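We call the chains A, B, C and D, going by the order they appear; numbering starts again at 1 in every chain.
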Amino acid sequence: MLHYVIKRMGTMVLTLAFISVIVFVVIQLPPGDIVTSTLERMEASGMQASDEYVQNLRARYNLDKPLYLQYLNWIFNFVQGDLGYSYIYSKPVNELVWERLGYTLLITISAVIFTWVVAVPFGIYSAVRQYSIGDYFITVVALIGLATPNFLLALLVMFFAWEWFGISIGGLYSMEFRDQPFSIPKLFDLLSRLWIPGSVVGMGGTAVTMRILRANLLDELNKPYVVTARAKGVKPIKLIFKYPLRIAINPFISTLGLLLPTLISGEAIVSMVLNLPTTGRMLLQALLAQDMYLAGSFLMLLAILTVVGMLISDLVLAWSDPRIRYE
Amino acid sequence: MRDSIRKTPRYFVAILLTVLVGDLSIAEEEQWPEEWYQPFKTASQIGLTNFTDSPLLHENEIEHPNFQNLPPVEQRLPKDPIVVYPLKETGRHGGIARLTNHDLWQFFNWEAAFTISADMRTFFPNLAEWFELSEDGLTLTIKLRDGIRWSDGEPLKSQDFAFTFNDLWNNDEYSPEAYKIVDGSKVVVVDDLLFRYEFPTPRPLFVNFVAQYGDFMIDPSHYMKRFHPYYTTEEELDQRIKDYEALNWTQLVNDIRREGSDDSVEVPTLRAFKLVERSSMKRKYIRNPYYPKVDPEGRQLPYIDQINMETVENAEIMAAMASTAQVDFAAFALRTQDIPLLKLGERNGAIKVHIWQRLHSSDVAIQPNYNYDDERYQDLYWDIRFRAALSHAINRDELNQIIYFGRGFPRQVTVHPTSRFFKEEWEKRYLEYKPDYSRELLDEIGVIDLDGDGYREFPDGSRLTITLEFYDFETPKGITMELVQEYWRQIGIDLRLKLVDGNLQRERAVAGEMQMTLWHADRVTDVLFPLFPDWWVARSISWDRGMWNDWSRWYMKSGEAGVEPPAVMRQLQDWVDEMWVTMDEDERHVIGQNILATGSEYLWVIGTIGLAPHPVVVSSRLKGVPQKGIWGWDNRWTLANHPASWYIEEPVR
Amino acid sequence: MADNILEIRNLGVRFKTDTGVTNALNDVNFDVPRGKVTAIVGESGSGKSVTANCIMRLLQPPGEIVNGSIHFNPSRTAPFDVVAISDRDPRIYDLHGGLISMVFQEPMTALSPVHRVGNQVAEAILCHRDVSKDAAMAEAHDMLSRVGIPDIDTRIQMYPFEFSGGMRQRVVIATALVCNPEVLICDEPTTALDVTIQAEILTLIKDLQEELSNSIIFITHDIGIVAQIADYVVVMYQGRVLEIGTVRQVLKDPLHPYTKGLLAAIPGNVPKSVRLSTIATAVGDADITTPYPLKEVGEGRLVSLP
Amino acid sequence: MSEAVLERPQPIALETPDELNFLTPRQLAWRRFKRHRLALISAVILIVMYLVTGFAEFFAPYATTSRNVGAINAPPMNVRFFEHDGTFHLRPFVYGYDLHINEQTWAREYSENPEKIYPLRFFARGETYELWNLFEGDIHFFIAENDEGDGYIHFLGTDQLGRDVFSRVIYGGRISLSIGMLGIGLTLFLGVLFGGFAGYLGGWIDRIVQRMIEVLQSLPTLPLWMALTAALPAHWSSLRIYFGVTIILSLFGWTALARQVRGRFLALRNEDFVIAARLIGSGQNRIIFKHMMPSFLSHTITTATLAVPGVILGETALSFLGIGIRPPIVSWGVLMEQAQNYQVISMTPWILYPGLFVVIAVMAFNILGDGLRDAADPYNMGGQ
């Protein structure tokens, strides 16, 4: 197991290295940089920046170096926790991203929990009672859930909450708690509201995992070892839980890992619709304003979140499926 | 005293009417108090001697140095407190107002040396007791009211004005390029309460500047000096910069002044509310315990105890928040199209939707970039027939119907009707919808659809496309441009729209990189038009304009940089110079009208709909906000309505 | 008649699908004598496994038993008709693994990949007897040693994929025998194994049968194995029984043309030149498809001929 | 991930042997596909959608930019056969709107005007158009017009500029659906290219491609799409933006396909008939194209079909955020941009209709892909 963990961590670092290159390239794509924009502003106000000044400025942001050195510098600082400087907010990126990233994580986790809590029982039901009315109903709901864009779902949830209950569900806290300092009741309030973004973000993934679980379970149900177990005299309920489910859950776990990018993507857009203080809106703003350190940090941190999430899911999988850790 | 007694029966009737008939009948008759059109009275003038303050300051422990060991209210108020007359009846202390970042500025009650009358033409002393412009226009002398204090109890002094003006605005590092109105001037302190601005050339319009912009011209020097290299050692300063992770001292000072830094919580203020807590998503303000204004019954203002501000990045949802009464005051980020939605929210009684009028001469002022780095565009834009063709192709009546419920006014960009400079003919020029005429004009210029794809080509045969980049905020810009795009398509102009973020707009406008851009045309009243006639003359570079940066630069650098503008523009620039220095009111009037007339003839920018309805949403518990008002930057939106006199009925707790 | 532990009478099974109905078993009749090895021989699709599944009540939809009976006469409990009891009858669970066990063709997939070997063997005990987990593990340990697993103390904690095919089949056999069933059904238990391993497993089954003296139904298509292991032979073809007899009778003196063909197709029984001869060529023109009822031609010797 | 989603019907237990013998794999696949009724329906729906949006100029009664100024944010119309007083018309008709702007609420209130009866006319002359910018015409599938030549029909209502939502949904579908197709074409190309090379050549190429796939699959796509689309130059025409968005969407989408192609290649490499082909001396290309290609083409098509929804949803999300397709070109996402908050929806719920079509199209693709997978895979009953 330890060997597997080390191997898997190594892969993760390598993956992250690749990703950091991609992110760096992406944030370099828009024309202009912080120095050209500073200079433009200076020139516009009639100042002639001396060559020395320009060079100093470029040196400060390492823009005088070749691109690969800029990259190395960026990633080196990034690893050390220096995320750079956001020039639209005139603040270190560090001050801006962490709280938001925390909420993103919170919502993504609640989406994962939602996915599990819904997908497992309904997936089992659907497989065991294949072709029953319930199975068809679940299938249809899942198909619709899968086909509905996240933001549309978020809009609809908000809309119906408003139409039917007259409540406004934007934001992470209810009205009376918005201005309160953090406290236990406020935490409960947060938790009681989290399920909305959580379920909206998790909906598509839930549909996917439910169908996968069902398909896996159906496959497994016909496997010889199930018949063996039945022939051994294992009773039906135990039979499903101990054997096919136990095995069907493995691809399911890896699916959850693969779902993470989707969930985080979904979170980005859903939080914009629901006006949650997470990464989505600020990332969009940073991208539109070409604030490259801010945008780059968000992209990179979201990628790290995803990759670490996948790592965890792989480790859980290895723990659950001996075949993997013995490979 | 006499005034308030005289008023009492009227208030009584008003209240009675409210009870009997409901609000609507009042809405018809609501008048702004006469006092809003007059210089402030003081307590002694109306015989006020007893003053009260909010129980909050006695009953609650507020964890902020400014609120510790407060002396009694009489000692916190100036020697002769300023009296503010509320819209109708006087209010009561208490309550927490919920706001978003968008509407904070409308709630602050900015405090400058002078203030603007409700008529948007005249200026009154505010923090100043009196001011006097010398006859030669070379000095502006200001006497401060005695005993005004910062929120930390320190007295307001002439030195606070001197600090901002001499040490920041005239510091090459802090302001690489000083405002032209500031250039070469300085503050001379006579004593703690008396000082004067001294100018190298006559600056009569400096009064307008102080009245509109003056709140940015004062800093608590006793506090701010610690961040300034003149007053602190290099090591200390470097350490502070490090502590705040700032780039340099100018940025640090800037952040603090904009409340963008954690340290801003410590900085004393003159405004009605003092920032006491700040995070990236939230801010908390408490009433300024040293605020120098009182109501006619001696209550220290503001009425409201506290503001809780929440950052809402997505301006789109402001309408939703406002209509569900999640905030007590919302207006800045609301759009005309939102009105029915807001009115829907009004039905359940939690909010009131007031319809104000924007002072913007046009909600969308389309600006061709005359200095765009491509001669084909320069030539085309410079041709008045081209601009006329674009303008005549816009169906403004349809725009008005679709976006403004028919309640806006099709207008070109000229001054506000309240202005002394106003002439009706200027707003009507090139206004009619005549697409056929537009096509004729374009054919005449030689931009013709050569390849038959429905879009015109440049005379040299290359494809004519216009990319218009803009920041869709405040007024209905996006929806207007979507329609304009279609109108122009019908005359064969391929307009491409690109939404940009505010910061990118700034960057690209200032760099002059946009082929075309737009903003709404404010700075059109007598407060700001003579000072900043930017829609008609190339004289400065800013983020909301992308028309003529090279010409402006030429003007700003007296011909040493930029590109020499055409003769007519040089004439206009000369006129502006004259308008700025003349001490003769009539001459200024003539020059101003010349500028506007030329602007009207040349159609520098293309207007659409102006003086449009603007929704101002007020929660039903917030009182004192007028039902009709003039909305815009020129009059600082609400300044004439004294936000400090707004109050919350039935304050929480 | 002799002491039969199973008597299968007129067993009919059909599969109902969208495309139509297929009769998988038609009027199958044979007996399984107690304490003996009965081999069912036939090619793929002849109904051997379906028959086994019927005996175990493991037949899954869309397959269904349409008629007939399987009279089970165990020594430990009262006799009953396997076909007649309902799905919820607790006797089903006695049947599964307790009274009758089954060894499957694919040792690779017949064991759960995610459970340890010992656990899987012991589970059979826990299903049928009220003993502690430890006791069950001890018995599993014992049983695994009897089927010849070396180094059991470590192996018992291992996962099936760490075992070779032969070892896995030993585990499957251990699982099947751990509750000492009265009938052991071996459904082609050696087909998936190497030839050398095949022999070992066959020997193991034979030895254990002698030791435990239970009855075995041995399903195979390999006549050679039949000769090695069986006492009685049942020949099946297309869901019908064609011939029944002792192993000596059937192999030495086949009566049905199909059986003759089957024997002729065994490699080595014919000259090298016709090595690729098939059942079909061996059967030649003889009619093997007409479903004649079985007729008795001697003591326990039946054949489906006109 | 997404390909393992849908229902696969129970394998057909027994075919009569002779039938099996005479069917080619293609016939077999078709037989199986026909049996998947939902997939068949989905295919029909999609064909209709592509046809209608392909001939949008004909099927849409109005152009995307045509405005009915008298009907801003007007609600959907009912198509009727009976007048209010019960008079029956054989030809269906709609009632025109009566607009009243409420002085109190500023709301545009629409009511049916029983005086204004606009009968539907099929294959009638209406607005002129240029089909695909090539053929001029003015015949529309239907319009509503009375004998005086007045009339309009908005049976999905109008938007804030008075444009017909139904027409815009059709034109928007043209963009959204074609982006799905185009994007998948690119995805297919990239996937087969990378997957094929990796699977067939193996070795270090395989390892690099594998790593690339892993990296791309662990990236949250939407933020990256956002980053890339936000970087598309301002001066690009809407059409170029359209292609740009398409390319960006497929840039990250090819991984699943490449994985599958690689897997098939690896498996096929060792399959008997390929080895046989190699033994008899077929050249490499010949091996790939003659023997290996057909065998996994069906799987590839299936995976591709199941990947279309991702592209459609991606476009929709980006356009909804205002950074995807730009007006005047409309897509389903662009159409929903207006619906940024729930109260706009509560006032004009019909502007969400494009969303309904997104859901239908995506569902249809999912079900169709599922049906195709079952059909393509007659022997492999279980497993992924």
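What to note about this one:
Following the convention adopted for this analysis, contacts are C-beta pairs under 8 Å (C-beta built on N, C-alpha and C of every residue); 3 or more make two chains touch, one makes a residue touch a chain.
Computed from a predicted structure; not experimentally measured.
Averaging Cα atoms per chain gives one point for each, and the point farthest from that of chain D is the centre of C. By count of C-beta pairs in contact, A-D exceeds the other of the chain pairs A-B and A-D.
Inter-chain spacing, taken between the CA centroids of chain C and chain D, is 54 Å.
Spacing of chain B relative to chain C, judged by their CA centroids, is 92 angstrom. One simple way to say how far apart two chains are is to compare their mean CA positions; for chain A and chain B this gives 41 Å. Chain A and chain D have Cα centroids lying 26 Å from one another. Looking at chain D, residues 340-343, 346 sit in touch with two or more other chains.
With touch defined as above, residues shared between interfaces to two or more other chains in chain B number as follows: 317, 320, 499-500.
Residues of chain C in contact with at least two other chains: none.
Only residues 11, 14-15, 18-19, 22, 26-27, 29-30, 139, 143-144, 146-152, 155-156, 158-159, 161-163, 207-208, 211-212, 215, 218-219, 222-223, 251, 255, 258-262, 264-266, 268-269, 272-273, 279, 283-284, 287-288, 295, 298-299, 302-303, 305-307, 310 of chain A touch chain D when the two sit together in their complex. Chain D makes touch with chain A in their complex at residues 1-2, 4-8, 211-212, 214-215, 217-224, 226-228, 230-231, 309, 313, 316-317, 320-321, 323, 336, 339-343, 345-346, 349, 352, 355, 358-363, 366-367, 382-384.
Chain contact summary for the complex, chain B toward chain A: residues 96, 98, 176-177, 245, 247, 251, 254-255, 260, 279-282, 284, 308, 310-314, 317, 320-321, 324, 326, 499-504, 507, 510-512, 541, 549, 553, 556-557, 561. Those residues of chain A that touch chain B in the shared complex are 32, 37, 40-42, 44-48, 85, 88-92, 94-96, 99, 162, 168, 170, 175, 178-179, 272, 275, 277, 281-282, 285, 288-291.
Put simply, chain A touches chain C in their complex at residues 222-225, 227-235, 242-243, 246-247, 250, 320-323, 326.
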